[in-house]
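Each of the next two complexes has subunit A plus one other chain: subunit B in the first, subunit C in the second.
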Partner chain A sequence: MADIDEDAVPPSGQPGVEVDLSEEAQDFRFLANLLNAGSQHKLPKRGEKDFEPDATQMQTSVLEASRAAMEDALSYTRVHRGKNRTKAILDYGGCGAFVEKPHDRHFMTMGRWTGGQIWLAPEEALYLLERGSLDVQWPPDLLPGDEGAHGAGEEDTVPMSLQAAYSVFIGMGQSLERPLTMEMYSVYAHLKRLGYIVIRAGIAQVEGPTTSPPARTTSLFSFLAERRSRSAAASLEKRGIAGPLVSPGLYRSYGASSPIHRLTISNKMLDDIFHLLRIIPSHNPTTKPTDTPTPPYFDPDQTPDPDALSITFHVYKPSSNYSKRSPPPPDYQIAVMSARETTVPSLAQLSSLLASTPYAPPPESMPLYQRLKKGHRNVILAIVDCGIVSYLTASDAGFAIEGIQWSPRKRGPPFKRSGGRKGRHRAAKPTGNGPR
Partner chain B sequence: PSDRRNGRPNMHLIYSERLPIKVHPLPSVTTNPLSVVHVLLVLAKHFFTTPESIPSPVYEGSFSTETRSVQITATTTINALWKCGFFGKGSLSRSEPAWLQTEKNRRGLYLKGTSEIVTGKRRKERRKFKLDRQRAQLKALEDQLRRERGEILEEPSADQTNESQSATAVKEETDAVDIQPSPVADAALLSTEQTDSIEVLDQEHLQLSLEEAFFLAYGLGVLRINVPSTVSSAAINGLESSNEATEASQDSYSLMNLFRAHSYFPPAPIETLSPDDPFLLQYITYHHFRSLGWVVRPGLKFACDYMLYLKGPVFTHAEFAIVIVPNYKGVHWDSEDGQSSKRYRAKDWWRMHCTNRVQSHVFKTLVLTYVEVPEPSVIKEFQEHRDVGGLLRQYKVREFCIKRWTPNRNRD
Partner chain C sequence: DSPDPVSLPIPISHLAHRYFLYSPPNIAYLRRHHNVCGVLIGSLPQVPSQNVFMGLPLELMPEEARVLVERGVAYIVDDVAAHREGLEKLKTADGAERRREYMRLLRDVGRKDAEEVMRKKEEVRRGALERAAKKRAEQQKKNGEDVGAEQRVEGGDAQDVDDGTELFSQRSGSVASRPSIPTESYNFITPTSSSPLFDVPPSSECASTSPAAIPVPDSYPLFAHLHANGYFLFPGMRFGCNYVAYPGDPLRFHSHFLSRGVKWN
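Let's look at the complex of A and B:
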């Protein structure tokens, strides 16, 4: 009955509708305000979008003003001011750049201390240079001899142009896990501009939480439930050769039973209809991800699978208490993919990617839909097509364990059920423990 | 519980059965000691006369090659299958078989709203809202143009504007009526012309998709599917052709083969069927979610394979949109032969974003359902042992929820 929904779609623009502001055109007149009144730190508001020319003078003048403002903004000359000028020297072999005297607050969250200097990853150096916060210099030994013959001093280095920086830093990083690609830089710069703290995965040792679910405590209930499901699985093995899965007889409930029912249940009494129907194996996100077994046809001498996906960036919200020395577990983990070179990932790719993310089961108090959407692990895929980034969250949804009639926590104590009206996620019928 | 709530039928009562299998729950035990007696009484009653949960005789349906569906014509069966688990679709309605009611309503015999009528009303209201908005925008534009031309705009007094507006509104409304005769007027016309005692014959039947029919027959055992003897020929039945041509209903093994063959057009011969048949992939997914308790409905209109409803379409909107992604597992599929025999390729990101955009616009969550496709040897085993359950157990399902992430909205 898909149809019922189709009429219920509210017109866009209502509060609930997901409006992505980043996809709207900027109104550049607000930029002009920002430039003129530099002292007033007010964030620009967004204007309204016109869809077609309507021949009014007002529209034309607004457009003109916008264009002029954009030109002003772009022609604004940015200079390194004497005091705040931060210099860095390209470190070609080490894949990055060294900063000597960091002044900027950027270095609170960027770079890494090595031997009294701050070392910047290629994307960090490029981003700061593009932003105008960093002056990257060519190292003296890379320069032709006669130019570098001025003697010692500050003058023997040459500043790097933006074009040169792009061509040097993109593709750099053979010693890192992955060299910097244009796609990675697009994502990095986009998130940095929005204020996020972005750290290349693998550079900083993140004290992450355990990536596998904790060993479950065995209570009497869970022990019995497990035994029951195991015996159920064994008895299911032989069923269903010719059907029906639900053999004729008396059934007392559709779904899972009350706790007392589960305690007293024996193999003969597996009489929940939905239980009998479950014969197709499915994934349980609470189990520890098994290391993907190497298939026999896979050459073990080969380098790691080139198609394998990995986490590219750890991302922290701007408000998080990030410290470089002991980075907290990241708020988001992002894997960057190229839209033109990759397809929707295969199960093996996606499951090994998710296995490398921390195990974070949804809280039990969450409603069913939200629990399913949040999943037990999740990762953000940043799909980049020539500078345009689309972010998708992929989460390990526990449909199999959140089955509506399965979860015992949704059930109240067996004797306090008022009957009649059902809870939202409850089994349809109250059940008892009587013999059949 | 009463059968009407707030003047509307009590849906919880009408649709209380989740599957077309009748359950006989024991009454709940309360603090009242008498309730224990009640339980014992029911137990005793069930001991002496054990009620049967499976309907008897089982429902009957017939397979139709032309529509690739199973058709149900008996009214009681149609009602039972729709009300208990929302199976099938009315052949003349968009989902619930409501043609008869709509028809009676149209002829003015029966004044009770069907969902189609409610939708029609809502559409009309929405259109009026949009027309009003457009008119207001046009007026603002005209005013601006006149102001720029230097015309002096007289600020009309409040009642004048109201008057002119209502005048145009009335004009538009009459226009609208001219263009599109309203069904209400139509019905009124008909009812005055025709005499009231007309017997309207129900022209509608329920059509079950192949996976629904197989689930009802193989999973629940509540449906017998009659197959025309011309269809159940030896070519489809496979190795053994000992089935007499006259035998109408079929066992699960033959049904599975029949449906798999008919998931191609034209129906494929049995030798060419592979583990990634459309029917097999669809049935695995359908059965998986049904067995978890979801109400599963086809999702073509939402650019996906299935929609998941928590209790059923009359209670809630669907929350999840299922897209099946076959995932080939095994050495065979990596060989050159295997690669070329795959019927599905990996989806590109553009297609994926199309689907996801649609889902976020209709407030659904996209669920990529990966189905692990085993090697073709399992089909040979299936033909040998005729073990339907054994075949289904070779597949494995895993779901991922996909949602757009907007950096702008997740900063704090």
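Let's look at the complex of A and C:
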């Protein structure tokens, strides 16, 4: 699984050596090390594996030990001990759960208050139940407990099993307005286990980011960009349709040091030989995405495109000071896709998906290649294949305005520029770090 | 060769077009005898904040479910219908008896856990007391060697030590005489599987033994062929293929190749 972002990766042992242990089947014999270590950051070592079965007793016994350890680990029973027990009652109609006395740190970021109780969304209830932090009970009117078995005042409700929770929260919720799909839950739980704060998009309306870019007249940057494109068009006209791309003359300027610098000396730009050679119109991510291409089969009178992608989750880094009442703009936005039911998204799908994300141009201080990677808008696609999640970043990168043809000369020592030769040119649009 | 306490056929939960297993013995059985491993997708409650070791449920690819149903070792249960119907059935008088039985079962597990916790606590306390006693004994010895200086203080110390040991013996005595736990104490359990409360036999209306009822992708013939040849297969989307093929249990062996089904005709 690709990491979401380099800076969001939890601290690992050695930087540079990227070994994602979650990518492969783990030897459950090493789980004991993890349990005894008591530290979450200490991940077990990769177990030694063999090439193929060689019918030796030794191999068989090791495999048997691994299988037994696995079965043992899976046979663990979720127990709620004493004061650590948090009880919830299933909300069968709304397919969620009500928590009466939330006293767990999880409720800092999960659930919402309704009438003196916390209501948990299906993914929240299922996740907490699965990790053994929540004891969800069947509502007594649906499945009464064992009356009279306890003393007076004791509860008599039946606990929901993990299996029942999956079938209710995912299976029965399909008829709801905003159903929880298995793909969504896989992504949700995966990110929660990593420590991220994950909120379903659309449930808590995020006020912060606006979807439209700043008005163009107010921005010096876009003003200059516009002016530049106008003068470029003028220069194109000047040289005529059939004229030479580069009219005879003396050319000394092969580009300036930074995009901003380049723009402020836009007159000189006309002398720039690379600029004169540019004849193919290119995409500018700073423009408002109203002119997103629609697929030819799409009829605006009909219902919205059923294949349209949409943002599923807002994700916050664990360290952010997130508040349930007024959530800040999310750090990442994730769109969940099923590997088995969908294909590679089309440009139209991706464009409209990106148009729904907030406009967030990369900061000027960022190195060129990172700026390209981040883009002016970006979204993470989470592709789920039978419970295995791959993450891909799609970003609206300004290849034309970043000026990738000019070497990033003044950005560092001449021979230490990051990635100029190490093949990071591979970054294509949409940039992605791909399923590894 | 190893005795597997598994009753065949095995129920596979079908839910939102996915196939799940919740029972560890069944999962182990299918791994051992039918080279089906599936993907563990749940959080492991022992260590919930990591993605390396995963827990129940185990998700099966539709291909795996179909192969197992074709072999007659498993049948498909519509989990939503099973739970809906089960809830209705439990409202009857017969259901009430089953419910009571189920609760008794859970309470037994909870009581055992409570006893276990108490026993461990006791062990820890006893260990701590023994360590404390040892430390005091050492201290006493050290003080004894350190005769020269303060007779009076030393005497006071000795008094303290005496008190301590007396207290200790008293305590351990009381521990021994007290019944280890009150009999009514038990912990609350969240069971993993809905069995026995919502069990569905293969003959039920919510169950299906027909392999054709399991929709599979075009690459299914490839899957069936590799599986019949003894390969363990993992879903391979992240490697850009249909299946990752392992020569033996992926717990022990490296993958040999990636495979991709290409439609013929």
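Definition applied: the second predicted complex is superposed on the first by the 226 of 436 C-alpha atoms of A that agree within 3 Å, B and C clash if a C-alpha of one lies under 4 Å from a C-alpha of the other, contacts with A are read in each partner's own complex, and residues count from 1 in each chain.
Heads up, the rule we're going with is that a contact is a pair of C-beta atoms (placed from the backbone, for glycine too) under 8 Å apart; a residue touches a chain by one contact, two chains touch by 3 or more.
Predicted, not measured: the structure shown is a model, and the values here were computed from it.
Looking at the shared chain after the overlay, A:K317 reaches subunit B, while subunit C stays out of its contact range.
In the superposition on chain A, A:K373 contacts subunit B only, with no contact to subunit C.
When both complexes are overlaid on chain A, the residue A:G387 reaches subunit C alone and has no touch with subunit B. Contact with neither subunit B nor subunit C is seen for A:A308 once the two complexes are overlaid on the shared chain. Touch criterion met: A:Y166 reaches subunit C, while subunit B stays clear of it. When subunit B and subunit C are set side by side, the one touching more residues of subunit A is B.
By the touch criterion stated above, A:H190 is placed in contact with subunit B and with subunit C alike.
Of the two partner chains placed by the overlay, neither subunit B nor subunit C lies in contact with A:M108.
By the touch criterion stated above, A:S351 is placed in contact with subunit B alone, subunit C being left untouched. Looking at subunit A, you'll find residues 1, 21-22, 190, 194-195, 339, 383, 385, 390, 435-436 touch subunit B in one structure and subunit C in the other. Residues of subunit B touching subunit A in their complex: 1, 12, 16-19, 21-31, 39, 43, 46, 50-54, 56, 86, 94-96, 115, 119, 122-123, 126, 141, 144-145, 148, 217-222, 251-253, 284, 287-294, 297-302, 307, 309-310, 312-314, 317-320, 325, 327, 331, 334, 345-350, 352-353, 356, 360-365, 367-368, 370, 372, 385-390, 392-393, 395-408, 410-412. Taken together, the subunit A residues at the contact with subunit C in this complex read 1, 21-28, 31, 34-35, 40, 43-44, 49-53, 59, 62-64, 66-67, 70-71, 73-82, 85, 87, 127, 129-133, 135-136, 142-146, 149, 158-164, 166-168, 170-172, 174, 181-182, 186, 189-190, 193-195, 339-340, 383, 385-388, 390, 435-436. The touching residues of subunit A, when paired with subunit B in their complex, are 1-9, 11-12, 16-18, 20-22, 54-58, 190-191, 194-196, 237, 239-255, 273-274, 277-283, 295-297, 317-319, 332, 339, 342-344, 346-348, 350-351, 368-369, 372-373, 375, 380, 383, 385, 390-397, 399-400, 403-406, 414-415, 417-422, 424-425, 428-432, 434-436. Within the complex formed with subunit A, the residues of subunit C that make contact are 2, 13, 15-18, 20, 22, 24-25, 27-28, 31-32, 37, 39-53, 55-57, 59, 61, 79-80, 82-84, 87, 90, 99-100, 102-104, 106-107, 109-110, 113-114, 117, 187-195, 197-198, 217, 234-240, 247-254, 256.
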